[in-house]
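In what comes next, subunit A is part of two complexes: it sits with subunit B in the first one and with subunit C in the second one.
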Partner chain A sequence: MKRTITVRMMKKQENRAGYMFVFPWLFGLIVLGIFPILMSFYISFTNYDMISPMEWIGFENYRILFTNDSLFWKSLGNTVYHVAIAVPLSIFVGLALAFLLNNKVKGMSVYRTLFYLPNVVSVVAMTLLWMWLFQPNFGLVNAILDPLYDLFNIEPLGWYLDQDLSKITLILMGLWTSGGSMVIYLAQMQDIPTTLYESAEIDGAGWWAKTFHITLPLMTPSIYFNFIMGLIGGFQVFTMAYIMTNGGPSRSSYYYAYYLFDKMMADNAMGMASAMAWILLVIVLIVTVIALKLNKFVFYMGEDS
Partner chain B sequence: MASATRYKSRKTTKTITHLILHVVLVLCSLVFVFPFLWMLFTALKTPAELLRGIQQFLPARPQWSNFITAVQAIPFFMYLKNSLIIVVLVVTGTVFSATTAAYAFAKLRWKGRDKWFIVMLATMMLPIQVILIPTYIMYAKIGWLGTRLPLIVPAFFGGGSAFYIFLLRQFFKGLPRELSESAVIDGANHWQIFVKIMLPLSKPAVVTVALFTFMGAWNDYFGPLIFLSNPEHWTLALGLRAFQTQYGGQYNLMMAASILIMLPTLIMFFFAQKTFIEGIKFTGIKG
Partner chain C sequence: MKKLLAALIVAVAAFAAIACDNESTDRITIDFWHMAPVGTAAYTPTKAIITAFNESQDTYFVKGTGFSFWDYWDKINIAISSRTAPDLGLSTLDDSVSRAEAGVLYNISDFLDADPDGLELDEFYDAALDFATYQNDLYALPFTATVRVLYYNLDMFEEVGLTVADVPTTWSELYDVAKQLDIVDGDGEIQRLGFDPSYGNATYHGWLWEAGLDFFDENLDPTLNTQAHIDVLQWMKDFNAEFTRNQLVAFGDANTLLGINPFAGERVAMMVETDGLYEIIQNANADFTFGVTTIPVPDDNGVRVNWGSGFSIELYDNGDNDTASKAGAWEFLKYMMSYDVQKEMSEVNGWIMAHKRAMSDLATETGDPILARLLVEVEYARDKVYVPYAPSWHGNDWQPYYNNFLSGEMTATEALAAARANYIQKQENYDATH
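Right after this comes the complex of A and B.
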């Protein structure tokens, strides 16, 4: 009898301690997370410039954005273009690097460190560096490509100064940080038990068979993780364009988050900016759910075979 | 005899594949590392040398004075001080709020724990813009706009630390439960267990979190851009952007300034690369 009381007391005490330990985070989550999310949903139905009082206007912000704002569609199109190319490409490059390093080569950890290096530097500094590398007249990239330009008799590319190439330039620069996802892929690759490969070899499986029937299926969790993170980051791409192109030339690299930033900081159009944020949230949510369905499919296939 | 030749030829193919592999790896390394070297070469060149592009591969006479010019062109040490103030406080706050929350999630049973844990994981998916606008308005209302507080205070309340909480929780979970149970029997309370047993045993994980937070805060551009309207509070990342708008074409000076802002994180990475790689693996695989 006495014992159950002490146990119950200890449980109560633990419950209280739990709340105390989690309090700073929980307080932050509610005040700086959940409350703002609900607020931004409300604000998205208002007209608010931070000076005059908030004015309820119903779906007007959404209506204007969808039906009467070509820049909204332009920036959304630019962003979708960026995501559609950058996300698969960076997964491909990250995986390719991981496959390269998964060959029991000497100095693997040195290569891994070198490949990872660009991930630790400031995005502003990195962008300035690549502006210089892509600089059409004196930059290193065009200097290296010069023989090719001569061979095919074409004009040197203008990279971020060319409206047809500005987004591609930013995507290529982004690939420089592929070493980040590579580390994750490589770690998961090395977790795959070698016995799997050995028995596959006995069955006569070659490199292709092993890669597509063992390695890749077993790596779907980390590929999925990088895919989701890439999507979420890709839809919010901002700083690179802000520094390198100012969204130009001719708005060709004016991304969704950039337009939202301008609505918020330049126009003080908080209602409109909130509507844009919620549209972004819904887009990310829909794409994530689709990816989730896709992931289950791939992953279970891998587990069954 | 025949099998011996076959063995030999297989060995040769293997050597050749290995050779090709190494050539490819060295080429890849060049792509990742050479830009840094080119940056240094550029920073040491004269303006005339810049115009010669690749023809002037190395500077004829290294212009170390470019670094001095770059530092003097902007209030570099003021920006450095501002960056350090923010970084130190953000690291302190994040380590505090992430370790306490992680301890609650890993080692204590309280009502609603598992639900809140899912909420925490969900916050990782949110686009920052959804939260940004109302918080911006809130900070304006309480007079925090134009101060450093919006960048510092949230760190003490778990702002942006979902990843770290997750990482620390996994680490705490790995520590044997008997340790804390015997301490409870000895009459220790949960705070004492946390400070005297859990934290010292979790040093590697805490260091990882501190390093990642340092890097994130040092390199952060978006947060300061939104909240630091007063140039007196600008961080190095903002200062570098200001430098760009002022000295746009002078790439030698711009590269010198960029190197200076990259240096601390690069040095830190070289000394703690193992910690970093382990931390990334962890979030990527277990997440």
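Right after this comes the complex of A and C.
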């Protein structure tokens, strides 16, 4: 008997194949992701210290963090400062690089690769390198700035060893990886139809007019994407401070994720650390939801306005 | 094709047979975690020690697993927490009581009651055993003993006309000798520092102990608010007060740049360090003459004491009531704490082991005067107290205030008051959740 394959059966087969393909990812998400996430939510209501059995303490961890933990607010403040400066600055630098590298100059692909290269370097290696560059007494940065210090008769900057400059130093260091976002900007920049520029030129538009009325508006999707990702990543800043400053001096670079890590590793307070993780999630969620409101300013080419 | 498949199956089977050591199949397997992973110099000798035990009897098979020092603590803590800890492992002695309290360690006193000759407890320091004692029962054993001493560079001493007889014993002598050893060049750059109380492994709590003070009282409430506490902290900073902060920072940075211990790099004439520095100097084939001695004490009523942290060896109770493994772990523990093995472990790792006689015999046999002197100081070593609400009280919790004081951003009074307030807040929060 000849078997008839219906559309419904084909759909079922396709679904089965689809599920099989996503199974490894789903398995990872459920077993390695969802369970620990839910568990950490439960742990945040306990006094779990990794060794003793956990006891339910209700909202005590949350109450303590909000009302009787000065380092919680200090670390949150440091993190907000980092996000507020690092995110717009990295967008600006990424865009500037994309503009620079969107030229038909000989060997451009080499330049592009060079600017992207820091993204494939280990953060630890990069941080150690920058530590030496910013080293106040022997570092290259101060050596270069030395004539300026002499000119204005000022003391050399202490960079990451100065509590007023430590966060800025880490932000400047982080800009080194702007090549990552630059690639995205560049891709979108090259996707802009040249006909738009040609008609603008016919209308007498110069570089500024073309940039502000064509390039930047059409790049808002990638700017927006990098903005959202930067916000989320910015709230999790940790590695550079951990390696370079140990959160200092005077806790000036003690970020939220660093304090969370210390709560877990130094104080063995897994319950408190989990509560911090959930508070961070809520903060990031709120900030992201607010940021999503900016979507109305994003121009998606080809969409009806 | 069939032949090829058969050959493959035979090869895999043979590989599996080799991988699963035949010795372990009919024996009770005992898991032991240590800090000599594959690739380290101590791996092969540690494996040899374990193999010797396995060959000495045919009831138990010890499976040793080595982790690097840096990974070890996370692994063991998570394993204990998930009740998948090895039968036996190393940990830190100062907080073994917390694990005993949590019920994750077997009571060693129970084993000793059943097997009184199993261990020579007299061979271990009482102070170390006290740290492993919870509710009058022993829950861990001191495995190693770290000691802190004053290292002095005799060549530098001779250069300024000093001899061994001039090695300082009090804080004022330390100051007088150190000042003779300082060298500053024409640009005001420090070329050599006689001594600095904040260098190496010299700690504020170590100096406090010498002055008969501490961070916490017997109830583990933070102290730090007395004039005596302020004076000790101020003394640490004033020791090199003739130098500017910039001079000291530049000197310290240059040490970091060199990437070598300042004493081993012959940039500091005297320094408080652990016994580990002796190994570093030996490995670096340093060609200067040096000695070690008791850390100088305050001129009046000084207490001879040094911070002597050490590893413990513990039997983990995973709640599975596995009596066979428990008995095997005890047998292996006795073996590891025996005279011969302790001596061998010291030779292998360069550690000072907890067994007094094994170590003193080793020092005699090798004729090593430095080791002999280090062993004398072990007797005066004291571990730091475990504070449940601030396990890292000497590190994370104290360092920011200490650094603020050293950098001049806070006075001694302000730094101590702020640190104390932080401890009190942590104590309140801990009490509220426990």
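Note that the second predicted complex is superposed on the first by the 278 of 305 C-alpha atoms of A that agree within 3 Å, B and C clash if a C-alpha of one lies under 4 Å from a C-alpha of the other, contacts with A are read in each partner's own complex, and residues count from 1 in each chain.
The rule is simple: a residue touches a chain if its C-beta (ideal position, glycine included) is under 8 Å from a C-beta of that chain, and two chains touch if they have at least 3 such contacts.
Everything numeric in this text was worked out from a predicted model, so none of it was measured.
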Clash-or-fit label for the pair subunit B, subunit C on subunit A: clash
Subunit B versus subunit C as contact partner of A:D262, first or second or both or neither: second
First, second, both or neither for A:F138, with subunit B first and subunit C second: both
Which superposed partner A:L172 touches (first subunit B, second subunit C, both, neither): neither
First (subunit B), second (subunit C), both or neither touched by A:V123: first
Touching partner for A:A291 - first (subunit B), second (subunit C), both, neither: neither
Touched partner set for A:I64, first subunit B, second subunit C, both or neither: second
Contacts of A:V31 with subunit B and subunit C, given as first, second, both or neither: first
First, second, both or neither for A:M50, with subunit B first and subunit C second: both
Partner chain(s) touched by A:L216 [first = subunit B, second = subunit C, both, neither]: neither
Dominant toucher of subunit A (residue count), subunit B or subunit C: B
Overlap of the subunit B and subunit C footprints on subunit A, listed as residue numbers: 50, 135, 137-138
Subunit C to subunit A touching residues, read off their complex: 77-78, 80-81, 98-99, 101-102, 104, 249-250, 253-254, 257, 390-392, 395-397, 399-400, 403-404, 407, 409, 422, 425-426, 428-429, 432-434
Subunit B-touching residues of subunit A, taken from the complex the two chains share: 10-11, 13-29, 31-33, 35-37, 39-40, 43, 48, 50, 97, 100-101, 103, 105, 111-118, 120-125, 128-130, 132-133, 135, 137-140, 143-144, 176, 179-181, 183-184, 187-188, 191, 221-222, 225-226, 228, 232, 235-236, 238-239, 243, 257, 260, 264-265, 270, 273-274, 276-278, 280-281, 284-285, 288
Parts of subunit A lying in touch with subunit C, wherever the complex brings them together: 47, 50-53, 55, 57, 60-61, 64, 68-70, 135-138, 161, 163, 246-251, 262, 266-269, 271-272
Touching residues on subunit B, where the partner in the complex is subunit A: 18, 21-22, 24-25, 28-29, 31-33, 35-36, 38-39, 42, 50-54, 96-98, 100-101, 103-105, 108-111, 113, 116, 119-120, 123, 125-138, 140, 154, 156-159, 161, 165, 184, 189-191, 194, 215, 218-219, 221-222, 226, 236-237, 240-241, 244, 251, 254-255, 258-259, 261-262, 265-266, 268-269, 273, 276-277, 280-281, 283-285, 287
